[in-house]
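Got some structures for you, see below.
Okay, so subunit A shows up in both of these, paired with subunit B first and subunit C after.
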Partner chain A sequence: MSIVFYVLAGLTVAGALAAVALKNTVHCALALTVAFAGLALLFLELDAQFAGFAQILIYIGAVAILVVFAILLTRGSETPKDTVYSNKWLLGLVTAAAVFAVLGWAVLHSTEALPHETAKPAVTVMDIGNALMGRYVLPLEIVALLLTAALIGAVIVAMHEKEGAR
Partner chain B sequence: MIEKADQIFVILSHWLVSFLPVWLQQPVHVLLSVVAIIVTFPALFAITVLLERKGLGRMQNRYGPNRVGPYGIFQPVADGIKSLTKEDIVPTSADAVVHFLAPVFLVVVVFMGYAVLPMGRNMTLVNMDAGLLFFFAIGASTELSVFMAGWSSRNKYSLLGAMRAVAQMISYEIPLLMSSVAVVMMTGSLSPNKIVDVQNQYTWGLPHWYIFTPWGLAAFLLFCVAATAETNRSPFDLPEGESELVAGYFTEYSGFKFALFFLGEYVGMLAISGLGTTLFLGGYSAPLQILNWVPSWCWFFGKVMMSMCVFIWLRGTLPRLRQDQLMNFAWKFVLPLTLLNLVVAALWRFMGDGWLRWVVCSAILLLAYTVMGRLGMRQKHIAPRSYRYAE
Partner chain C sequence: MTPLTGYLLVAALLFAIGLAGALTRRNAILVLIGIELMLNAANLNLIAFWRYGPHPEALTGMMFAIFSIAVAAAEAAVGLGLVIQIYRHTRTTDLDQMNRMKG
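The block that comes next holds the complex of A and B.
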């Protein structure tokens, strides 16, 4: 655990907290982007180049923009006058804590499940590409097909609405 | 001697570093390279702005700047001093923090792209395996800065400009990536250095640049279209269409913040030209084998400046597109062609050497271009423009 890790972890957690606590929805979206960037840098610090760059490309380049568009194109962009906290915050806190506990438990016990993994794995972009195009080509194609279907479906839904409005 | 001229910056950096203790050498070496990048590209930006104003003036039958210094060559300096001393106006209703962060974020992100570009032999700042992926990841985050600028200004023109810019950049990012993927497929690597090395070979004194293959030429042309749109340059400069949106997303920026946006735009253009050079024009390699004595960095910067001249030329020549034309062009013409080009590149790879693959690949691409162009034009009614006057 180096000092870089603590700085990045602090950045990520602060971004995530700000995304929940800030009043203005667009500010929340931008704070969420900071959390995404922190995560990407954490991946890079762990030598996972592909995961880090994909995180930036997809989450900052596309998902953050999508979130922001969704906020602006709906009525959510107005700042609420009173508090932003829901009255069910206790329930939410309990759920979040439970999920965190399960994940934490799983991560902490992962060394017991794989006791012989002592060497640091070296995964280059080339290895990931070979695995995706070789061993995992079928899942990849299924995901691609699913995404294409979703894309076409979204376009059809949007087109239909437009005709109805006319 | 030739070898020395080629490596002059590398040698200079090593010589400067050698005066320092060993543990300090590596960090200072990196720092020197970063400073070199931060100094060189704004200088090129100043030259480009002058070239653009002069060139556009020439194309529009006027002089362009000619008052500051001989032939107006000190105009960029004067502009820089002017924007430094101007008042920085922030609208009262603007979101001050985001308004301030947007130009800073843009400039930081735009400079990061240079880290992976090979600007000469042994002149890459970070030689990483996934360099190309890094470049595109960084390029994608400029959209966020454009949005931040447009939204934080609390101005309808700014917001409209930002929405247009983001929609356009997202649409054209896909063809940009897809046309580069063809190069990655043929090279088998995401590293810009490897891509340049593969192109840096000669047959009969002629280089193996990717632009000299049918799929490479097609990918290069599509890349150029997408790059022009990605940098919001004319004819794709709708986000800052003066007649409709004042200045688009940076309407509410003045003084040095405006200068930062201006710098960001041009440095982004230089970066994407550098990427195009690396991918298709052989990076730092010479166009003929007998010209190999010229230092490699001369070729890189020469090619980049040539691309900038093409950008300026396009701006002086083409009229602006309409929003629906822009989107139709991206999704119905450029994207299908890039996808087809991937298939053609694979075909090129598996047909082996010989003249047959030249004929087949060129024929497929030309046929697709003609058929899709004709189909796209069929619904359009092209006739002399008709005018309607108020009665």
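The block that comes next holds the complex of A and C.
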């Protein structure tokens, strides 16, 4: 385990913790961006350059900006006077802790069964492009259709109220 | 501790944090942030298994992660559109106050 991994893992986990725990919603969105950036760097550390840069472009460039827009459009930036946590927050916290305990136990007790190839994968973006246009062309087309449907759906959902005003 | 174990533990921790956020926050947008964190933890698992598993040249885990990123982008767009529409309707994003099926 290299020191780089520990630094990036700490950055990502700290960003994620701040994203779900801070009171101010705008601060949460900014902490979420830090977590996404940490994940992108972890992908780069794993020699997955394409996934890392796709993560930066899509999550930091699009999803985080979308979240900020939604927060500002819904006046969520105003910190509520009472608590920001749900009524059943203790139950949720216990559930999450139990899930982490089970996952961590499973990972730590299956160390022998896990693969540990050490050779760096020699995969270029060209290989990924060839695979997307060859073996994975059907999933690619389905994702294209899904993204089109999501785009149209999001526009229709968001503009529904306007029909009376026109 | 092998490198793969470290990445899997980080992904499990991220998933738990996302789940805690989705289950404990009142604001609907913060719940969506929690769901995004859970999706990202799954992506980290896929990429880590692709890197340390046999036959990385087959690109299976990498492709899974790329398609999962694309689907997560669609999910975020529709989810935030729904949150904005609900806010227009009820003037709140507080999930504890959204307790009616009927508008």
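The definition used in the following text is that the second predicted complex is superposed on the first by the 131 of 166 C-alpha atoms of A that agree within 3 Å, B and C clash if a C-alpha of one lies under 4 Å from a C-alpha of the other, contacts with A are read in each partner's own complex, and residues count from 1 in each chain.
Assume contacts are C-beta pairs under 8 Å (C-beta built on N, C-alpha and C of every residue); 3 or more make two chains touch, one makes a residue touch a chain.
Quick caveat: nothing in here was measured; it's all calculated off a predicted structure.
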**Q.** Which of subunit B and subunit C A:50 touches, first, second, both or neither
**A.** both
Q) Of subunit B and subunit C, which one touches more of subunit A's residues? A) C
Q: Tell me which partner A:26 touches in the superposition: subunit B (first), subunit C (second), both or neither.
A: first
Q. Should A:100 be classified as contacting the first partner (subunit B), the second (subunit C), both, or neither?
A. second
Q: In the overlay, answer first, second, both or neither for which of subunit B and subunit C A:131 touches.
A: second
Q.
Contacts for A:62 in the overlay, against subunit B (first) and subunit C (second): which applies, first, second, both or neither?
A. both
Q: State which residues of subunit A lie in both footprints, the one left by subunit B and the one left by subunit C.
A: 50, 54, 62, 69
Q | Residues on subunit A engaged by subunit C in the complex (per definition of touch) | A | 1, 5, 9, 12-13, 16-17, 19-21, 25, 28-29, 32, 35-36, 39, 42-43, 46-48, 50-51, 54-55, 58-59, 62-63, 66-67, 69-71, 73-76, 80, 83-89, 91-93, 95-97, 99-100, 103-104, 107-108, 111, 114-117, 121-123, 127-128, 131-132, 136, 139, 143, 146-147, 149-151, 153-155, 157-158, 160-161
Q. Okay, in this complex, where on subunit A does subunit B touch?
A. 24, 26-27, 30, 33, 49-50, 53-54, 56-57, 60-62, 64-65, 68-69, 72, 124-126
(Q) Taking the touch rule as given, give the residues of subunit B at its contact with subunit A in the complex, in rising order. (A) 95, 98, 128-130, 133-134, 136-138, 140-141, 143-144, 147-148, 151, 159, 163, 166, 170, 173, 189-190
Q | subunit A contact footprint on subunit C (complex, rising order) | A | 1-10, 12-27, 29-30, 32-34, 36-37, 40, 43-44, 47-54, 56-57, 59, 62-63, 65-67, 69-78, 80-85, 87-89, 93-96
